[in-house]
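First, the structure itself, so that you have it in front of you.
Chain lettering (A, B, C, D and E) follows the sequence in which the chains are written, and residue indices restart at 1 in each chain.
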Amino acid sequence: MLKIRSLNTYYGDSHILHGVDLDIPEGKAVGLLGRNGMGKTTLIRSLMGFVPAASGRILWRDKEVTGSSPERMARLGIGYVPEGRGIFPNLSVRENLVMSARLGAAGRCDWTYGRVLETFPRLTERLDHGGQQLSGGEQQMLSIGRALMTNPDLLILDEATEGLAPLIVQEIWRVIKQISQTGISTLIVDRNYRSVLAHTDVAVVLEKGQIVLADESITLLNASDTLSRYLGV
Amino acid sequence: MDISTFLAQCLNAVQYGLLLFLVASGLTLIFGIMGVINLAHGSFYMIGAYLAFGLAPLFGDQFLLQLLAGVVLAASFGFILEWLFFSYLYQRDHLQQVLMTYSLILVFEEARSLLVGNEVHGVKAPPWLSGSIRLGDLMSYPVYSLFASAACLVVAIGLYFVVNRTRLGMMIRAGASNRDMVRGLGINIKLLYRVVFAAGVALAALAGMIAAPMSSVYPGMGGQILIICFVVVVIGGIGSISGALIASLLVGFVDTFGKVFFAQFSGLSVYLLMALILIWRPEGLKSKGY
Amino acid sequence: QTAPVKVGLMLPATGTYANLGTMIENGFKLYVSEQGGKLAGREIQYFKVDDESDPSKATDNVNKLIKRDQVDVLVGTVHSGVALGMAKVAKETGTLLIVPNAGANAITGAMCAKNIFRSSFSSWQSGFAMGKVAAERGHKKIMTITWNYAFGNESVQAFTEGFEKAGGKVTQNMTLPFPNVEFQALLTQIAAQKPDAVYAFFAGGGAVKFVKDYAAAGLNKSIPLYGPGFLTDGTLEAQGDAAQGLFTTLHYADNLNTPRDNAFRLSFAKAYKVNADVYAVQGYDAAQMLAAGLKAASGDIKKQDTVIAGMAAAQIDSPRGKFTLSAAHNPVQDIYLRQVKANNNELKNVAIKALADPAKGCRM
Amino acid sequence: MAISSLSSPAIKRSHSNIQHWLLPVAVAVVLAALPMFLSSYLQDLVLKIVIYAIFALSLELLVGTTGLISLGHAAFFGIAAYITVLASSDSSASSIGWLLPLAMLGAGAYALFVGALSLRTKGVYFIMVTLAFAQMAYFVFHDTSIGGGSDGIFLTFRPALRIGDFTLLDLEKPLHMYFLVIGCLVASYALLAMIQRSRFGHALAGIRANEQRMRATGYNTYHYKLAAFVIAAMLAGLAGFLMVAKNGAVNPELLSWHESGAVLLMIILGGLGSLRGAIIGAAAFILLKEFYSSETIFGQIAHSWQMTLGLTMIFFVAVMPNGLIGLVAQWKRSRAGKRRLTPHPSHHTETPHD
Amino acid sequence: MINAASASPPLLQAAALTRRFGGLAAVNGVSVDLHVGEVHAVIGTNGAGKSTLINMLSGELAASGGAIKLSGIDITGWSQARRARSGIGRSYQRTTIFPKFTVLENCRLAAQAAAQRPWMLWEAAATCPHSMETAWHAIESAGLHDSAYLIAGTISHGQQRQLEIAMCLATNPKVLLLDEPLAGMGAEETDRMLSMLERLKTAHAILLVEHDMDAVFRVADRITVMVNGQVIATDVPDNIRNNNDVKVAYLGETHSD
């Protein structure tokens, strides 16, 4: 559904992404791995349109969307859970969720306010708290919930389990699996590569802004030598 | 002070407070919620007053229609203004907006002087609002003032509802804290902010139009109201509509009774109030803490 | 002598007083052009600076005229604080100064100097005269109300002096901060205390709002309102019905109906397409005073002592009526009692003839 | 392009000390030589600019360095000016020796009071509390008779500095005035430049960047901010003293929010975070207005100087995101960009750095 | 089992700490002791009050009740800055750095806190040898030497997390309060960080809040488990691992070490 072709991205003078190619097939979960500072977030921000790509193409369902604004990309059906959560601190939990509610492409409405709260019961107790008053983990749940409220076709999770308690992490992985099963594609960045590989169909590894490894997740899970070379494990 | 005078003074205080609120409401929207430090707000108020002066002959007795026309004109003006001068400022240091809006004040003032001259003009209240109500044996109260107060209340309630209870309001507030994230959720924030800015301008202009028959229109009328409106917004807690309402009433009371009891120092009173409140509650009266 | 006389006009071109600045400038130029563009045979060259009615910039602005343009004569300004700043510099540099409006008593009082003249009035003059009138009209207890700033306070003091000398009593002196225009609280106090009359000083937009609020509160029916002329000068169109019948005192009125005034008004209206007002007269007379001085020195502006002596001794044939200058260089003039009718401040009678400012504190 | 707001050793290396000081020293020398060439009017204009430059520099310490935006800075300027007039003798010239310190300490004392209270608040609230205290001071002078009310009061004799019978400085003399003012600019600039590179200055910059972290690392940020506030107020007081010594008159407008706003505009126009920017901003603001309101240059349009000045500033804001001083950096960068065709690996450019 | 370190008097001791936000008791009567030579991990559900506990210990938040002692001295009323200067260093869960300064400057500013002397205006901050040395040391320990001259706001999230720790170290603290230091770090960095903690604990008292259980069980000498503001268990790791309450409330059944 999303194709990226030879994407190059700069921050000022520094060349971060070097001709990245990436395919996210319809209904598949894709893992994005790599050490700190290798360009995972940059890749996501480029494809969302936050950072303009210097060259390369982005295709959404075979339609050219290169250079689109983030709001356009989101409206195409991309839900974005950014690194660092991006909660609106001046809005209450309820408002954070309500404001982003939107029907998905083709009027799909799988994720409602009620279902999000069901998925994250902890948020129910905090509905009238401001975004800033939440604990780190609560914020993370809110951020995922908020992205789900847009009923996306592709969900991008950048370090979505950071700061979550193990039980919740399990829960999140369960939800991700559930999401994948409903036919939503996912792009997952997470430091726990084992979980990523366990919950994705394919995975790619970024090293210094280049894709150095791309394969079925199961294959990679077993290729611990190669992985340790690129991920330092 | 006997009791009837006291009550009359309270009425004065409320009325002044409500008028202040009407002007401050547009400012809360632009300054408090969008986060644009808008010094030109007083100029929009002035533009509104001059609009009333200019439109009155065209509309005759159709006062409400005239208000509507003025609001539409002002909103379109605000829309264009945002597009020309503000759309590229949000990413920059907030202080750049200060410079921009200050420059706009200069331009507006001069444009006013060139277009309509420097005289003081009166604007007539519509006939159906020009009566007065007797109050005690000496005073009487102009009906128009009561109308103005009522209009202020309506605006207050409407604005409160839109900002706090609608998704539009939530989006606006979200945009103030994290523009990028709002875009990432698929909301066209540029358009949204242009509309909000236009609404702020329209509110200021509406306040000017409503105030015109009471205060007349004259050069420099915008500058006088600007600072006091900032005071109101800040005392109330930035971005809080209900706070602004409470604050305007408070300022109305302090100003009214300050003049009566401490004439010599009444210039200080409002600022003393602000300093005390902010030292007591560093985030204004109605800060939500988030 | 062929070089023109350089006249520096320091008047407001922006802000609340911009209009008054224009009237003064036009009055001045009208007289000069009536004389064929020359005074005592000398061409007049103008230099202009916008004083912005900001006293903190007064020194800088007046220095532009004195140091940059090296003018021979300064004319200005409307705002008293700015005029005081001008007077201070004029005194230090010895530049000839004619003040065409600002009424601060100190200009021809404590700050007086031989090179400082005024073609307008002192705030004392109109206030004092109204005090006398109010007493004559049988009022005993009067409240005053004004902005808490120098001119307002001076006006109220002069009124009190005149009124109490004539046997009245000022019961309360109310002020509000300049330029606050929320009068309602004080109007309520007036209604509660029920004085015989009220003396008020405001100007411009403040005057308009005060007069309208006063009427809207219904006070104008039971408690007469008095004030110096500025309460209703140049504001009548905006004040409308609310101002009808008000009494004010000033050194000028709209229908003096003297041949001199009629001629002046006609030629002013022809030249500038608007009716002359008191500010135009003051500008006009400033030019007349300069002309008198230049004539005495046969056009040689550099003979400053002669010029000054000429000005001080002159009798000015003003549209307002002839006047002479006091020892402190302030007009000794008739103060008129006027009443508002339609859009005019009509002459009722002469409140005090040939009233001279006491020039308190002047040592010259 | 990445630019550190502190001086880093890497930048130090590329910026030799001489280069660093050359420009300011050259400017000071030129300023000192100017009276030989200028008419007394232009000399006056230079003085006005320089006094406002000192005033702007003082605010720069607060806004640019510490991140405290004050909209009441004119209060200190005005209070020092009033103290100067009120404390001066009416019969002879008072000595700069005690008058100047008195004026500055007076401003500093008020700042200590205002700062102690207002530093409890943050952001826009801080802006407004400083405004509130300034307005209070304004109304005290405007509405009471201690300083002549709204008309203000005048200095009878300008201060002088005598040692024994020898008159070192007599401010009635334009040249003495001139050199005192230039000297004060040099001293203020040097002081602030020193502060900026000192530990104190770096701590202030840290507070501006992230006060929470500064507290957590062990800085008593409140005291730091208060110290900066008082120092800035005293420098503003210095400017106020010079202003009244030059003009010989004070009135409440000196304390008004218009004045506070104007000086804030100057430093924004010049470019925040840079001492040079503050000076350039002050000069630009004053000169632009002078220029546009000059009838000899603009004829009738001079009457509409508000329009031309406003439009010019709008233009500046539109094209110069970092103020006038940023223009220099922009220009350098575009030149550097042309020189090297391949991207340079280094992350460093030269900072707008004083 | 009694750890050798526990025998010595605690360096930092919190007794019955409580903090309320309106009606919510975010931390409710929590007591912890920190000893030199020991990593004391605090784990617990999201919103259990771990960060709030650290905020109170470091002085960022005032406690609603309870007392804090540092080397036996009551510091409950001390300001945050004073506590920091007396040797309490902390890191933040949400990265809290100076984004516009270089990495080195970030650390130098932190190191400078130990020798502030703001009145020495004539001395350039950048050449102060003491702070430079300490800063470099911290940068090396955190593994950021390659990025020392980069602007902190432009390094990646994981690198910023490393900087967060480096800045804490640069103040030369005796007590380290680390709020999820491993969050956002890659496997390699995690490994280095854990080795560093093991090294540091010989001379420091360390409180570690962390959700990475592999890491916690690797370095912790003692674990406190919090749920809803209260401590449900404090014990050595092995006992915690097998504690049923903890499993239900926090670890979950499927957890494998």
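Assume a residue touches a chain if its C-beta (ideal position, glycine included) is under 8 Å from a C-beta of that chain, and two chains touch if they have at least 3 such contacts.
A quick note: this is a predicted structure, and the numbers were derived from the prediction, not measured.
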- So which chains are sitting against chain C and chain E at once? D
- From chain E, the most remote chain by mean C-alpha position: C
- Would you kindly say which chain has the C-alpha centre located farthest from the C-alpha centre of chain D? A
- Task: Could you put a whole-Å number on the gap between the CA centroids of chain B and chain C?
- Result: 35
- Just give me the whole-number Å value for how far the CA centre of chain B lies from that of chain E. 48
- Query: Taking each chain's centre as the mean of its CA atoms, how far is chain A from chain C in angstrom?
  - Reply: 75
- Note on the structure: Between chain C and chain D, the Cα-mean centres are separated in Å by 38
- Message: Two or more other chains touching the same residue: where does that happen in chain D?
- Response: 2, 139, 142-143, 306, 347
- Task: Hunt down the residues of chain C that sit against at least two other chains at once, touch-wise.
- Result: 14, 148, 175, 177-178
- Check: chain E positions touching at least 2 other chains come out as 154
- Note on the structure: Listed in rising order, the residues of chain C that touch chain D in the complex are 13-14, 47-50, 54-60, 63-64, 67-68, 80-81, 84-85, 88-89, 92, 104, 106, 111, 148-151, 153, 175, 177-178
- Query: Which of the residues in chain B end up touching chain C in this complex?
  - Reply: 1-2, 4-5, 8-9, 12-13, 15-16, 109-110, 113, 117-122, 124, 132, 134, 136, 138-142, 145, 214-221, 224, 255-257, 259-260, 263-264, 266-267
- Item | Contact footprint of chain E on chain D as seen in their complex | 2-10, 12, 191, 194-195, 197-203, 205-206, 209-210, 212-221, 224, 227, 347-348
- Message: Give the list of chain A residues in touch with chain B in this complex.
- Response: 48, 50, 69-71, 74-75, 80, 82, 86, 88-92, 95-96, 98-102, 129-133, 146-147, 150
- Note on the structure: chain A residues touching chain E in their complex are 11, 34-38, 41, 83-84, 122, 126, 133-138, 140-141, 159, 162-170, 191, 193, 231-233
